[in-house]
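Alright, structures below, take your time with them.
The two complexes that follow have chain A in common; it is paired with chain B in the first and with chain C in the second.
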Partner chain A sequence: LGDIIVGSVKEAIPKGKVKKGKVVYGVVVRAAMQKGRVDGSQVKFDDNAIVVVGIKEKKKKKPEENKKNKVEFNQPTGTRVFGPVPHEMRNKKQLKILALAQHMV
Partner chain B sequence: MATSFNRLPPQALHMITRNPTQSSKKLGFSTFLSCAPSVDSSFSRLSLNHSGSKFGLSLDTRVRKEFIVRAEDNAEAEPEEAAVDGIVDAEGNVEEVVEVGEAKSMRKPRIKLGDVMGILNKKAIEVSEKVRPVPEIRTGDIVEIKLEVPENRRRLSIYKGIVMSRQNAGIHTTIRIRRIIAGIGVEIVFPIYSPNIKEIKVMSHRKVRRARLYYLRDKLPRLSTFK
Partner chain C sequence: MRLVKCWFCSSTIYPGHGIQFVRNDAKIFRFCRSKCHKNFKMKRNPRKVKWTKAFRAAHGKDMTKDKTFEFEKKRNRPERYDRNVTENTLKAIKKIDKIRSTREAKHIENRLKPNKQKKFNEDKKELNNQIDLVRAPGVSEKVKVVVPKIKSVQNEAMEE
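After this line comes the complex of A and B, so read on.
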């Protein structure tokens, strides 16, 4: 929860920002595996979900021009996030996702 | 003291005859004798009637304590007899408790190693109950929990849902709450004696025939939604 992972888009709505087949970075917002919190509670969702935060470009650029630095994965690509979002996003500095979330767990 | 003791013997003998059937803790006969020099001879007489059994000590200590209390307070005979009657009535279960209570006044009881965690857990639960009493929660209750999250949250978070299971583990007794939030099912495990939990309220109850409601995961979301 809160980690950045790489994936490829398998299915996309027609007019979306990402197209099918693109490689994307995403923040894990829901996992079916339980995550323990420091106060002894555990939270677990029914599905696995990420929020797309960046698209990997295939062209090779010079290293200093590479926009996909690991520290800059804070801006979600889309404008909405669906479903509940856990508090762990706060620790991972994903404040934009928290702001867009419908419900926080 | 002598007169009331004369009244006691029938009851005391009655108790003594019942004793051999029960097992009692060993009390130092010598310590017992040394504690009550005044009534020493009479008690030793009674005990000698049933040689070899160490029962008589438990009841005799209780009776002896009554005596000593009476001697100090000059109490009436009635309360003493009432107390003795109490002993005779609730003898089976109370005897062991009384014994421990009596033993503590004479000598520290031995705590078995296997009981230590149970005792620690009970003490921790008592401490936590004083701060906030925890209602009786069972599987199938629909509860609302108010949680204080220390990570910069001023308001209390509210979690509502059906209790899917309750795991008893002393101080870490937990309940698992399930609810459909924003279309996605969420299960959260709460330790009910946590100091972060500000309030637990049982809203209602649904009849279930299981102790763990894991089948709700495969069922329609409608069954896990609670307004």
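After this line comes the complex of A and C, so read on.
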């Protein structure tokens, strides 16, 4: 929960920002496996869900520019997030997701 | 830290116990142990599962309406710490607990009381009407058997 993962889009709505087949980065917001909280309790959700945070672009490597780009994935690509979102986002600095969320757990 | 109630059996969940399940409609179900959790996954209705508090309340087995329950309401505003208040609250908790448990016991006793008398009457009736199940009628009564005097008649015949 709160970690960034890489995935590929299998299904997309026709006029979305992400197209089918794109490789995307996402923040895990819900996991069906229980996660331990600091107070000792365990939380689990009904499904596995991520919020798309960045789209991987194909870059042409220029051999001279050997900069290491540390990309910060803080801004969700979309404008809405569906379903409940856990507190763990706060620790992972995903405050925008928390702001857009309808319910916080 | 907050003590919550198990969604299935209504027992209190202490910190560090149980699992919290969040459904996609953001409804939170808390379970005290895997027994309750597994029953929930089986889609059982707690109002029909006999050992839960929900069943007992729905079927009038346990006390539901009492003033002592009002002390245990969920309060969302945190109280400002006051030593006296805390001390008094702790004392009150013990007292209220005692009162509540005696009242609950009384409730169960009252529920079972008319049944006792009924049972006694039924037993009495059974004893009176169906005593033949215990011993057969007329068996132990002593019956007099008359033995005929044959000898004396024979003697008289021979004499003649």
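In the analysis below, the second predicted complex is superposed on the first by the 94 of 105 C-alpha atoms of A that agree within 3 Å, B and C clash if a C-alpha of one lies under 4 Å from a C-alpha of the other, contacts with A are read in each partner's own complex, and residues count from 1 in each chain.
Here is the rule we use: contacts are C-beta pairs under 8 Å (C-beta built on N, C-alpha and C of every residue); 3 or more make two chains touch, one makes a residue touch a chain.
Quick caveat, the model's predicted, so the values are computed rather than measured.
K.L.:
After lining both complexes up on chain A, report clash or fit for chain B versus chain C.
P.N.:
After superposition on chain A, which the two structures share, chain B runs into chain C.
K.L.:
Looking only at contacts as defined up top, I'd like to know whether chain B or chain C touches more of chain A.
P.N.:
After superposition, B is the partner touching more of chain A.
K.L.:
Mind working out whether A:39 is in touch with chain B, chain C, both or neither, as first, second, both or neither?
P.N.:
both
K.L.:
Given the touch rule stated above, what does A:11 touch, chain B (first), chain C (second), both, or neither?
P.N.:
So A:11 meets neither chain B nor chain C here.
K.L.:
In the overlay, answer first, second, both or neither for which of chain B and chain C A:103 touches.
P.N.:
A:103 contacts both chain B and chain C.
K.L.:
Between chain B (first) and chain C (second), which, if any, makes contact with A:84: first, second, both or neither?
P.N.:
The answer is both, since A:84 touches chain B and chain C.
K.L.:
Intersection of chain A residues contacting chain B with those contacting chain C?
P.N.:
After superposing on chain A, chain A residues 30, 34, 39-47, 83-84, 102-103, 105 contact both chain B and chain C.
K.L.:
Which chain B residues qualify as touching chain A in the complex?
P.N.:
The touching residues are 147, 149-152, 157, 172, 174, 181-191, 194, 196, 217.
K.L.:
Please name which positions on chain A make contact with chain B in the complex.
P.N.:
Residues 30, 34, 39-47, 49, 82-84, 87, 90-91, 102-105.
K.L.:
Under the stated contact criterion, what part of chain A meets chain C in this complex?
P.N.:
30, 34, 39-47, 83-84, 86, 102-103, 105
K.L.:
Taking the complex as given, what residues does chain C use to touch chain A?
P.N.:
1, 15-24, 26, 28
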